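Before I ask anything, let me first share the structure, which is written out below as structure tokens.
Each chain gets a letter, A, B and C, in the order it is written, and its residues are counted from 1.
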Amino acid sequence: MSVKYLGEAYEYPSANRLEQYGGDINVYVRWERHLMFACPAAYRVPVAMSFGDFVEQLLRPDYAAHPDTAKLEFARCVWQLDKAPWQPVFSKSIADNGIGHMSYLSFSSPGLDGLHGKGY
Amino acid sequence: MAKGRKLGLKERYALMTRGLDWETSYQPMDEVFPYDRYEGIKIKDWDGWADPFRLTMDAYWKYQAEKERKLYAILDAFQQNNGQLNISDARYLSAVKLWLQGITPLEYAAHRGFAHAGRAFRGAGARIACQMQSIDELRHAQTQLHAFSHYNQYFHGFHGFAHMRDRAWYLSIPKSFFEDAMTAGPFEFVTSISFAFEYVLTNLLFMPFVSGAAYNGDMATTTFGFSAQSDESRHMTLGLEVVKFMLQQHEDNVPIVQAWLDKWFWRGYRLLGLVGTMMDYMLPKKVMSWQEAWGIYWEENGIALFHDLARYGIRLPKHHDVPAKEKHRLTHEMWLTLYQYGNALSLHTWIPDDDELDWMSDKYGASFDELYRPRLIYLREREQRGERYFNNRLPMVCQVCQIPMFYTEPDDPLTQCVRIVEAGGTKHHCCSDGCADIFRHEPEKYVQALLPPQQIYRGEAGGARDIWEYAAWLHLEKDVDTGEYRGSPDQQNWARWQQAHRTKPADAA
Amino acid sequence: MADNVFIALQNNAEAQPIIAAIAADNPDAVVNASPGMVKIDCPGRLVIRRTSIEAGLGRDFNLQELHLNLISLGGNIDEDDDEFVLSWQR
């Protein structure tokens, strides 16, 4: 390791461990070319929740302010999980979709390109 | 009786301050000074340390006391003459609130950090310089509190700075910066704070804030700032001296120092984005743009410094080209971020007036008019129809700098920059290659970071389940301390006081 | 072309003789005033001479009194009783 330290050892666990979440996980989600939502958003999600419920009950209300949201269909979006192409199964659970603690999801919405089509 | 020759400054100083320490005999020196070798920095001869400002303690007290007398006389006059009425506009106070919440606690942290360094170095000259700086930093914390306290009587958002220090999501940005330095060894601490922050980058902190205060009629902050800056010049010279000393003492120190400069240039740059955003958006009367300030204080002054260090084998910091790519858009992206998270900020945000937008077009040119002006106009229109935009969802923040990840790719302003870094089988996220490099160099340190969104989700923010409960836990009152400026009590009070200030007393007809 | 050194001083009455002395002793210096502050840039080297300040001030001056009006500076410092010098060494 590169950390210089005094003493016998320098071993500390992550401050954000799965076991601290009681069956939930942290998931982060970005809607590409919609910079009105300035940052990827952070969620705490039960692993048994269906992916379909996740996007409709958690994501969609968060996007209410954007004019594109009325036309947003998650099933028609192009998805990535940790920057690799990925196809969610909306009927399956978060866990069964291979989404784990600290996963990063991003999606683009073809035909919906942000405010004035300029990515905002 | 023959008169002796009068001693010069250098000789006097050497006689008065050298030879007062000693090699310990009851305990080995390494036991008395256990912290100054583990970083790998090799010092062959501590007598090579040169004090550029040759201040003895009596001179220190004399000049500091004189500065304090002048400062407090001005603060008295400011308070007695209702100086708060002379600021350009109450929006300006978002800059002062940002400073009180974000910087003043860092002054106190610096006081503690330099007290530790002032015990840790085995060289007496270095210890004395750190001890003086520790007192200076405590002075800065105190004088800032005195200067700003007057505003707390008239405006909101000032009351909670101490309570918020360990609780407010955005204050983890400056706090983690300093704690990263304080948990390092004494050589890295002084390199990061005295050199990188207080020499290389200080002008990008003090000049904008203090000039901003002067341009906006804030005599209290201006006076504090200029009074503190003369202390800063001592700090700057300590920083430069420590870096040159390390580089001259042993060639093995060069790669260690280079790695620290790479890290702390980047961390300092990320932190200063808040200052740039303050300059461009929170000052009703603008001093200069962030882009201009970066051009003068880094691209001219900072690079001149690194040219000087080249003779020791030091090169420009890694990723130094990225700020140049970001400088035309950083503040717009950051303001739009602060604006939307306004329900959990203890300062107001707003959309600038048209004359301010025109200033930004003039300063920033085509990219502002193409990308950011339309967004600001759109948000203004929303506000005017009663749908002022807020985002109440927690953001992803960077594992290293802890800033919400709004930064776009250096070469693509429409794509958020996300870097995934792994350590111990867990994924973490960074805002940039700069922060990702820092993480990868010391992952065992950064996996311990307490990131506010994660803490909130783990129930560590008083169990708050949404942004409203969170703001209440911060002791913030909705739309009084937080939220939109227009319509706030600060804005309404300001309008009323300015009207009363201008109205002539009733004359005889 | 040499990189600039600089010194910034408070723009108050006390500092005027210091600013004047610096400008007179450093012909290549550029003096820029803004609210509350004067910034003086000079290529390569800038010297502040005690005797020059005393001539304008009308009393003895200790160069360490610079601390009372100094805001910021850039460059390597060399200081004795008579001169305070900022420079970039090559």
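Convention: a contact is a pair of C-beta atoms (placed from the backbone, for glycine too) under 8 Å apart; a residue touches a chain by one contact, two chains touch by 3 or more.
The shown structure was predicted, so the numbers you read here are calculated from the model rather than taken from an experiment.
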* To do: Trace the shortest chain of touching neighbours from chain A to chain C and give its length in steps.
  => 2
* To do: Give the label of the chain whose average Cα location is farthest from that of chain B.
  => A
* **Approximate Å spacing (C-alpha centroids) for the pair chain A, chain C** => 56
* Structure fact -> In whole angstrom, the CA-centroid distance of chain B from chain C equals 27
* Where the CA atoms of chain A average out and where those of chain B average out, how many Å apart are those spots? -> 31
* Structure fact -> Within the complex, chain C is touched by chain B residues 8-10, 52-55, 59, 63, 66-67, 70, 202-203, 206-207, 210-211, 214-215, 222, 226, 229-230, 232-234, 236-237, 240, 287, 300-301, 303-305, 307-308, 311
* Asked: In their shared complex, at which residues does chain B touch chain A?
  -> 34-35, 38-40, 185, 333, 336-337, 340, 371, 374-375, 378, 387, 389, 391, 393-397, 404-406, 408, 414-416, 418, 420, 423-424, 426-429, 441-445, 447-451, 453-454, 457-458
* Considering the complex alone, what residue numbers of chain A touch chain B? -> 1-6, 10-17, 20-21, 26, 28, 30, 32-33, 35-42, 44, 62, 65, 82-83, 101-104, 106, 115-116, 118-120
* Residues of chain C defined as touching chain B within the complex -> 3-6, 8, 10, 34-37, 64-65, 67-74, 76-81, 88-90
